[in-house]
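Here the chain labels run A, B and C in written order, and each chain numbers its own residues starting at 1.
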Amino acid sequence: MSTVILRKILCNSESPTPKLLLLTDSSDVSGRGVLYTLLKSHLSIGNYVQYLTTSNPLHVVKTFLNDEEFPGKIKFYDGFSDPCGWDSKDSCVHLNKSINEIFSSCDTGQAKRIFVIDKVDDIVNHQDTHNLIHDLHRFSADDTVEQVVVYCGRDCVPESFIISLNHLSSAVIHLYKGNPTRCKVILKKPSGKIVKTYEEFTLSPELKVQETRAVQLEKEPRGESTDEDAVLAAQTTFNLTLTEEQRKSKNKLLLPHTRVQSSGGQILYTPDDEDDWDEEDPDDDLNI
Amino acid sequence: MNMFDSVTNALESCGVCIDEGGLLLLSETSSTTACGLVCHVITSELANNHHVCFVSMQHTWGHYCNIGNKLGVNLRQLTSDGKIQVIEMLKLLSRTLDEVTDSADDPFDFIKTPSVHPLHKLYQLIRRTLQPWLDKNEFFILVLDGISFLLNLGLKSADIHNFINYCRNLTEMGDLSGRYAGTLVVVTQLYEKDDETSIVSSKIIHTSNTYISLDSLKTGLSREVHGNFIINVLNRKLPHICSPEVWTFQYKMEDKNMKLFAPGTASGVL
Amino acid sequence: MTSVGSVSSFQKKGKSKSISIPGTRPSIHNSQLLTSTGIPSLDYLLGGGLPVGSILLVEEDRYDVYSKLFLKYFLAEGVMNKHMLTVASLDISPQSITETLPAPVDVEPNETSESFANNPMTIAWRYQNQKSQPTSFGSNRFSHNYDLTKVMAREQTFEANIESWRINSNESLRNSYWQLLEAIKKRIETGNMSTLDGSPKTNVLRLGLHSIGSPLWGLEYGFYEKDHKWKNLTTFFYVLRALVRTCYSVCLVTVPSHLFVDPALILRLQSMADFVVRLESFQGSDKETNPVFKDYHGLFHVVKLAAINSLVPPLLDSVDWVFKLRRHKLTVEKLHLPPDLSDTVSRNQEDPVRSKTGPTCMGDKLPKHLDF
């Protein structure tokens, strides 16, 4: 059942839809593909997407979320081109405004609205985190809002901010480096049930999730590998590790000096001429 | 005019292309310097007949010119030809002490009078410098060398990141065909015990296409190996690829060359 | 702003500059103009001398005994070459530094221990041709000789162009850093030392700044680490770097880095200096009694040698350096372990200099991993 959590969230088959979804990545893994995957599935079922971009120019985002493909279903807010008003461009969003103000031009009549903040770490540069948290909370409590997607770089904001976002969210996806990409998914169901899984997945070039599977992890995957062996392995031209299959066949190999033993152990001894068989008790001089 | 053959080869083999727009991040540590690599990037772009706007925050421009001289590239000549535009922070900084400064023009005004957007004026200066090329739709590279030095002036990583976003914006202003106007090259300093520097770097990595880090060896100093040269490439045009591809080399600076080789194949080892 | 025909203090010594500045000489490795620190062995470490336009940062020993001597040598050399001098300190009065500069002497003060140097080696004959550090620079009288037991004559220091900076008590203490910067800037202007105007220079400005960042300067004390209250100090250094780079000057700054709590601060300062050395005195440390160090007074850590105008920094032939204060002079030397003359020749194999995790070639302590 756990294998489908990530897929369920990304394909919108989780019901009810998590109100506030937090997606985090770090400098060595990018969550952009996952974000687009999620939004594509929203758009394909007819949801209305409000997209605030702060770290990429509009035309770049539009190459992946084409508004011609989904006419009238997606509205962009450009928070990248001129977030502080230095270039005095009119059409741009100033990021010192609250989230409410930024999205205020949104037509409230539409049902099933999705709000996307890509990325929240840029907004933190411009406004007070406390206000931001409040705004996000108020926003996600709105009944007419289907989902608020908050995309954030974990290593760009104070840890306390991530913790508070975690606290607010009803679903969290933390991405970790790996091939396939690993993630930790936490889903807080309205019933109070908490589902927490570690999963692996890949994305197809058409941005479909595939090959999802749950993995067992003893400890939380770290952003960077601190393992000394990994450091060594990365720097040498030798292959220092074995795959499971290689290990099995290695263990199966019969080396020339190993003799197959059928049953138990035996001592075989052939006495030769020089052996001095002393019948006397060697210990008879002892006072026992 | 390609400076270091082995760097050219390595970048080519990893599919790094500097003149395709986007952001190239180079990081150095307290014991490694990206100076040679910066020179390499500048000269190879000039050879491709692109313009260069060089914002130098840690060295003087003369420093690079002298290195260029050694390697047979006359950067001073190219500067006076207008192929390179230089903004020298050290010069600008030394002027902030003048009693009669034109505070309207001084990008370091914020040292004396705090401002909400301290780097606004520096951005405007860069923009003015780039404007002729932007107008003519000529490709350029904008190099911000030593961005972490701005932290010393009491700026926050948020200010720096905001500034870099604006600079990225300038390079994104291509024509409607989706071509980039230029490439942004940023050089950061990473000090292990200085969190602020690592926040600055990791924020930039999030938007970079290529990240080359010059790391010092963990086990100490070596005469034959000056550090690790790690190339991370993440194609932002293919978002379904989540993790960057990583190549690791080691490098040695020589008097007139930067030599790259596979880990463990330094001349002193073999 | 866009520098056409940019002028920097690092200039190629060409025909245009026919007037030679006293106390300088061109580097044999690159086109830099070098000045002496007053200590030949230190000049040697820096690749021949301190290039014009650069900053040497000396991290003070715990009690500021030896670092002050380095500063005095540096200033004395300036006096001898009739350089312009600016001395600043808040901890001690600048006069007390300039009044006690070491006296110049014609011949190198001969120490008895050195008279052995010319005897042919009979036992360790293989080392006969091993070059000891060049102590003098031949006929090129680059730096002068000084005798620490004597004080430079009053008329000599009186004649010298020395400015002693003191804080203007009328202004608030808060901006003492900025006041010093303004004073230096003024000094550069009155001496016409700036390279920005392109006029030929006939002199060099020497800045000797003592104990910058000590509690008397700073706002960085009495706050929590996370507050990063050292903005003023880092700004000072950045602007200082800018000033020194854009004029004919050399700067020696001593900094009490052992007082800094946040390791990030000294890293920042190091990044803005060109050459960084740290003095680790044996005074009051357990190394004082370590027989390995009995000939020396402290470890001399070479933290940073910048590559200026070139791709490679000056190359050192050793990593372990020490300083030694003899009666008449201060020298920096390679660390040589003394011969063990005791009956039981069992030297403690532990390398006292390197940290314990570093690579050692002794089987039992293999490094965890090697980079190659």
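One rule holds in what follows: a residue touches a chain if its C-beta (ideal position, glycine included) is under 8 Å from a C-beta of that chain, and two chains touch if they have at least 3 such contacts.
Each chain and its UniProt protein: A = Elongator complex protein 5; B = Elongator complex protein 6; C = Elongator complex protein 4.
The model shown is predicted, which means the values in this text are computed figures rather than measured ones.
A.B. asks: State the chain with the largest centre-to-centre distance from chain A (Elongator complex protein 5), centres being mean CA positions.
C.D. replies: The chain farthest from chain A (Elongator complex protein 5), judged by C-alpha centres, is C.
A.B. asks: More C-beta contacts across B-C or across A-B?
C.D. replies: If we tally the C-beta pairs in contact for B-C and A-B, the bigger total goes to B-C.
A.B. asks: Based on mean C-alpha positions, which chain is nearest the centroid of every protein C-alpha shown?
C.D. replies: Located nearest the centre of all protein C-alpha atoms is chain B.
A.B. asks: Roughly how far is chain A (Elongator complex protein 5) from chain C (Elongator complex protein 4), going centre to centre by Cα mean, in whole Å?
C.D. replies: Centre separation, chain A (Elongator complex protein 5) to chain C (Elongator complex protein 4): 51 Å.
A.B. asks: Let me have the rounded angstrom distance from the C-alpha centre of chain A (Elongator complex protein 5) over to the C-alpha centre of chain B (Elongator complex protein 6), please.
C.D. replies: Distance between chain centres: 31 Å.
A.B. asks: List, in ascending order, every residue of chain B (Elongator complex protein 6) touching at least 2 other chains.
C.D. replies: Where chain B (Elongator complex protein 6) meets two or more other chains at a single residue, that happens at 218, 228, 263-264.
A.B. asks: Among the residues of chain A (Elongator complex protein 5), which ones contact at least 2 other chains?
C.D. replies: Residues 231, 235 of chain A (Elongator complex protein 5) each touch two or more of the other chains.
A.B. asks: Give the residues of chain C (Elongator complex protein 4) touching no fewer than two other chains, as numbers and ranges.
C.D. replies: Correct list: 369, 371-372.
A.B. asks: Can you tell me which positions in chain C (Elongator complex protein 4) touch chain B (Elongator complex protein 6) when the two form their complex?
C.D. replies: 1-12, 30-31, 53, 181-182, 185, 196, 228, 231-232, 234-235, 237-239, 241-243, 245-246, 263-264, 267-268, 270-272, 304, 307-312, 319, 358-359, 367, 369-372
A.B. asks: Once bound in the complex, which stretches of chain B (Elongator complex protein 6) touch chain A (Elongator complex protein 5)?
C.D. replies: The touching residues are 117, 120, 123-124, 127, 158-159, 161-162, 165-166, 169, 172, 178, 199, 201-203, 205-207, 218, 228, 232, 234, 236-244, 246, 248, 262-265.
A.B. asks: So in the complex, the part of chain B (Elongator complex protein 6) that touches chain C (Elongator complex protein 4) is made up of which residues?
C.D. replies: Result: residues 30-31, 33, 35-36, 58, 60-63, 65-67, 69-70, 76, 79-80, 85-94, 96-98, 111, 125, 129, 149, 151-154, 189, 191, 193-197, 217-222, 225, 228, 250, 253-258, 263-264, 266, 269 of chain B (Elongator complex protein 6) touch chain C (Elongator complex protein 4).
A.B. asks: Which of the residues in chain A (Elongator complex protein 5) come into contact with chain B (Elongator complex protein 6) in the complex?
C.D. replies: 25-34, 36, 55-57, 59-60, 63-64, 80-84, 86-87, 119, 121-122, 124-126, 153, 155-156, 175, 177-179, 181, 202-207, 231, 234-237
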